[in-house]
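Letters are used for the chains, namely A, B, C and D, taken in the order the chains are written, and counting of residues starts over at 1 for each.
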Amino acid sequence: MIRQEQMQVVKQSAIATNIFELTLTGQLVLDMKQPGQFVHLRVSDQMEPLLRRPISISSINEKTLEFTMIYRAEGRGTKLLSEKKPGDQVDVLGPLGNGFPIDKVEVGQKALLIGGGIGVPPLFELSKRLVEKGVKPIHVLGFQSEDVVFYEKQFQELGETYIVTVDGSHGSTGFVTNVLEKLEDDFAVYYSCGPTPMLAALEKLYPEKEGYLSFEQRMGCGIGACFACVCDTTEKIEADYVKVCSDGPVFPSGVVRV
Amino acid sequence: MNRLATLLPGLTLKNPIMPASGCFGFGKEYAKLYDLSQLGAIMIKATTPETRLGNPTPRVAETPSGMLNAIGLQNPGLKKVLENELTWLEQYEVPIIANVAGYTTEDYVTVAEAISQAPNVQALELNISCPNVKQGGITFGTDPLIAEELTKAVKAVSSVPVYVKLSPNVTDIGEIAKAVEAGGADGITMINTLLGLRLDTKTGRPVIANVTGGLSGPAIKPVALRMVYDVAPKVSIPIIGMGGITNIDDVVDFLSAGASAVAIGTANFVDPFICPNLIEQLPAKLDELGFNTVTDLVGRSHRL
Amino acid sequence: MNRLATLLPGLTLKNPIMPASGCFGFGKEYAKLYDLSQLGAIMIKATTPETRLGNPTPRVAETPSGMLNAIGLQNPGLKKVLENELTWLEQYEVPIIANVAGYTTEDYVTVAEAISQAPNVQALELNISCPNVKQGGITFGTDPLIAEELTKAVKAVSSVPVYVKLSPNVTDIGEIAKAVEAGGADGITMINTLLGLRLDTKTGRPVIANVTGGLSGPAIKPVALRMVYDVAPKVSIPIIGMGGITNIDDVVDFLSAGASAVAIGTANFVDPFICPNLIEQLPAKLDELGFNTVTDLVGRSHRL
Amino acid sequence: MIRQEQMQVVKQSAIATNIFELTLTGQLVLDMKQPGQFVHLRVSDQMEPLLRRPISISSINEKTLEFTMIYRAEGRGTKLLSEKKPGDQVDVLGPLGNGFPIDKVEVGQKALLIGGGIGVPPLFELSKRLVEKGVKPIHVLGFQSEDVVFYEKQFQELGETYIVTVDGSHGSTGFVTNVLEKLEDDFAVYYSCGPTPMLAALEKLYPEKEGYLSFEQRMGCGIGACFACVCDTTEKIEADYVKVCSDGPVFPSGVVRV
């Protein structure tokens, strides 16, 4: 169920250049069922910045009623968010959307998780759940450069992890696809979140594979009412369009026209 | 007696607060959050004769205390709205105001005639003010003669009272208001969005794919309020006011300026519970201000 | 070469940034804070033939990301402006743009003729868009024919180039722009304020004694930017853009949309050092965006 | 000299219902020369609320580079201000305007200080300076009710102090004028800050006395440029109007048309 709650900041820290890890606590955590869902945050009580910001859920801890997000402080809203301190309240609407389905892969199979930049966070909870289930995740994570790499260790603890940076300052050099081309394709399903060109490249690279891709769009309401976040679809589905906020953000590969 | 009750042509409202068209879809999403029967009414999304896919994305952009949108009237088209949306809405005890849009007089007439016959549609809202469609839309709202003619044409076929939604992008909104009143409008809803632009500073390109978009939210409240205050004494038909309402004081201000009811647009995105919250806060606010009923408050600024 | 240099009719500007009329008095107060010679130009407060005491107070009210004002063109009158203000300003190396206001064509002509002869006045800004004076003011700015005639009359007597300041409170600002160009205007300044209202929620009375006021500040930036973007391709005279500029990105946006220079109004009240700060930030911003000169940046959104 | 400075919050506390005492520190304190001047504060880094808020200087400590304000948290801006914590920065423009002249009263003479509600604060620094000079202050301070009375002790330490509340919940009942009518008028000068009707009543009560009154008006710039804060004048001065921000806020009695 979607709820609105004043959640409390448990901790916040910078984990890479302009990249923050923020943990909130509240009852809303109990409704977070799927990796890949997101929350819609108010960053200020004032009327400016006005709109909520969509941020993916990166990890969930039902026991402590905590969840964590990882985001880049870039514009006005995320910068304000990065100033929140433990004890501060954040107005959270969520959990929103449909996440990554983990029932598409069987115990003992391999799953390929491909993340690009600030698209990496939702893959973390996904990977944890796959490991819990007995699936073997392989992580291929692309970043611009060393100073914005995060969670390398955390992913390594869950499974095989390849880091690639555009400028080669950490891991191998280039794009995730440079790594993928060299990997065996003995995985059952691939999951990805990152910039749209990367998602498009994946669909081309694995035309026969089952894949689940998480998309981004500018949002208004975040719950499906305003039609801000629509994407055109391919012939693969009947609907003429999908809404990223309520039909997605995760779609099976081939559904969204990229 | 219900202190919040508001009687308008075709509309018996439990309270004067309703979501604005385009900011509430056809209600399904908000129905998951609260009981829609609490609402004074629902202004559903603009309906056109055929399915419309709207503009390319990005369709929204944030601005200081406001936002731009250029959705482009995306909607499933008359047939599906009647079959899927309005039928579904029948489960709630809430009057529906159907927002009617199009490119030609024909379009408006077609939609108006059919949709006004749906059992829960108690009024139409003629959208002659959408700034986001290239032809039609806005021109209907900026020329008094054309606005009057269109109102007449729609009145001739509608089975329910017709409200006309005015554009703020005009030199003299009072003139347009008087024209649609002369055309037989039963009420006025105002304002639609102000035409605006945001550029991506890095690239110089418009942020919104459609180039310009409609400005809404708190930023426009002073303009909207001025227009309601200006139009109210010039017409004898009621006004449903909107534009930047985000809190109970804003509701009071629009009623004071002469609106008989109010609609909430952008604020639904900021706080999805805004409509029921404001409805709940209204009685205490009336007490605080020393008014017995909402009707007593309407137009008070003109009586001082 | 000065990368910020901007050449406009009558104006050789060190940089394209100047305070907007009415937000900077005649410079004396800001001169206590910084050296006025840093400024691209100064748009001085509206001058009328006689002393004007303006509207009753309160004259300002805050709104979401904006403010309303109804100063009512208070100024010491032509004679004193010439004797005390302009003479005093001669100590600075900064071109003055004299904002000319009135109720009748006569008024405008009288002020224009005399003030254009002051040695440091290098251009006039015809204020045909003040929303805060009952007669005159705004009507000159909303009717293309009247605007054209007034421009002609002023051009006939002015010793310096004439810029006309447009009102945003119109259906089609492009039409007015073309009219004043046809009337001989050397440039356009835009936009003046949007007409707005704020009510005191407790009492229902207008907060501003004049009832309505002019809306300025960040809230109106999307409207102002849209209008500059709209007008720039329609005229061949330069535009000085304004409306809600508060930071260097806003400056870039107005230049991108087609303004050759920009003016800063309300932001002076928020940060009295805003003009010199923005002037200082501009070269680094040009570097960041990969432009050599300000002139290269002007109108880039139309060339994409 | 008027300066703009990011000053630091030293402390903030509620000293009565919705009434806060805020102490800031910074170099700007060195320019504060006169009791009765004010500062113009930004309450947020965002664009909303947009305008600065004018608040009187209540006391000045040149040694510690600190000054204190007392204000009522009422609207959006002052509420935000009341949330500032020690270490936070506040953007201050000041000192502004012309304060109370203390050279109008001689050593050994009496001065009458009349404050109404949130007009009381600037009288505190004034009283301290008068006492320092050897002038005897008499304080008559009016408030709505007991819960909004503040600084009673502080004023008592400086001189004779009468408190009056509209509802009689503290001190005597009624308006300051009810107290004043019973006081001897053996003072040389009177100084006052408070609601305009109170200032008008004082001018009527003491037509022959030298008085200095501090006025309020809505402000834009705060420095004399925008003509937002003008007041009509009487025949007593040549100018047709005065600006509260730069000519005032303190004017000799009889100058401003009330």
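Simple rule for what comes next: a residue touches a chain if its C-beta (ideal position, glycine included) is under 8 Å from a C-beta of that chain, and two chains touch if they have at least 3 such contacts.
In this text, all values refer to a predicted model and were calculated from it rather than measured experimentally.
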item	value
Greatest separation from chain C - chain, by CA centre	A
Chain pair showing more contacts of the two, A-B and B-D	A-B
CA centroid of chain C to CA centroid of chain D, Å	36
Whole-Å gap between the CA centroids of chain B and chain D	47
Chain A and chain D: spacing of chain centres that average the CA atoms, whole Å	54
Numbers and ranges of chain D residues touching at least 2 other chains	47-49
Of all residues in chain B, the ones touching two or more other chains	64-66, 217-218
Pairwise touch network: line, ring, star, complete, or other	complete
Touching residues (chain side chain D, partner chain B) in the complex	47-48
Complex contact set, residues of chain D against chain A	44, 46-49, 76, 80
Chain C partner contacts - residues on chain B that touch it in the complex	63-66, 68, 142, 169-172, 194-199, 201-206, 212, 215, 217-223, 225-226, 229, 244, 249, 252-253, 256-257, 289, 300-301, 304
Chain A contact footprint on chain C (complex, rising order)	64-65, 218
Parts of chain B lying in touch with chain A, wherever the complex brings them together	22-25, 28-30, 32-33, 45, 51, 53-54, 57-62, 64-67, 69, 71, 74, 217-218, 246, 266, 268-273
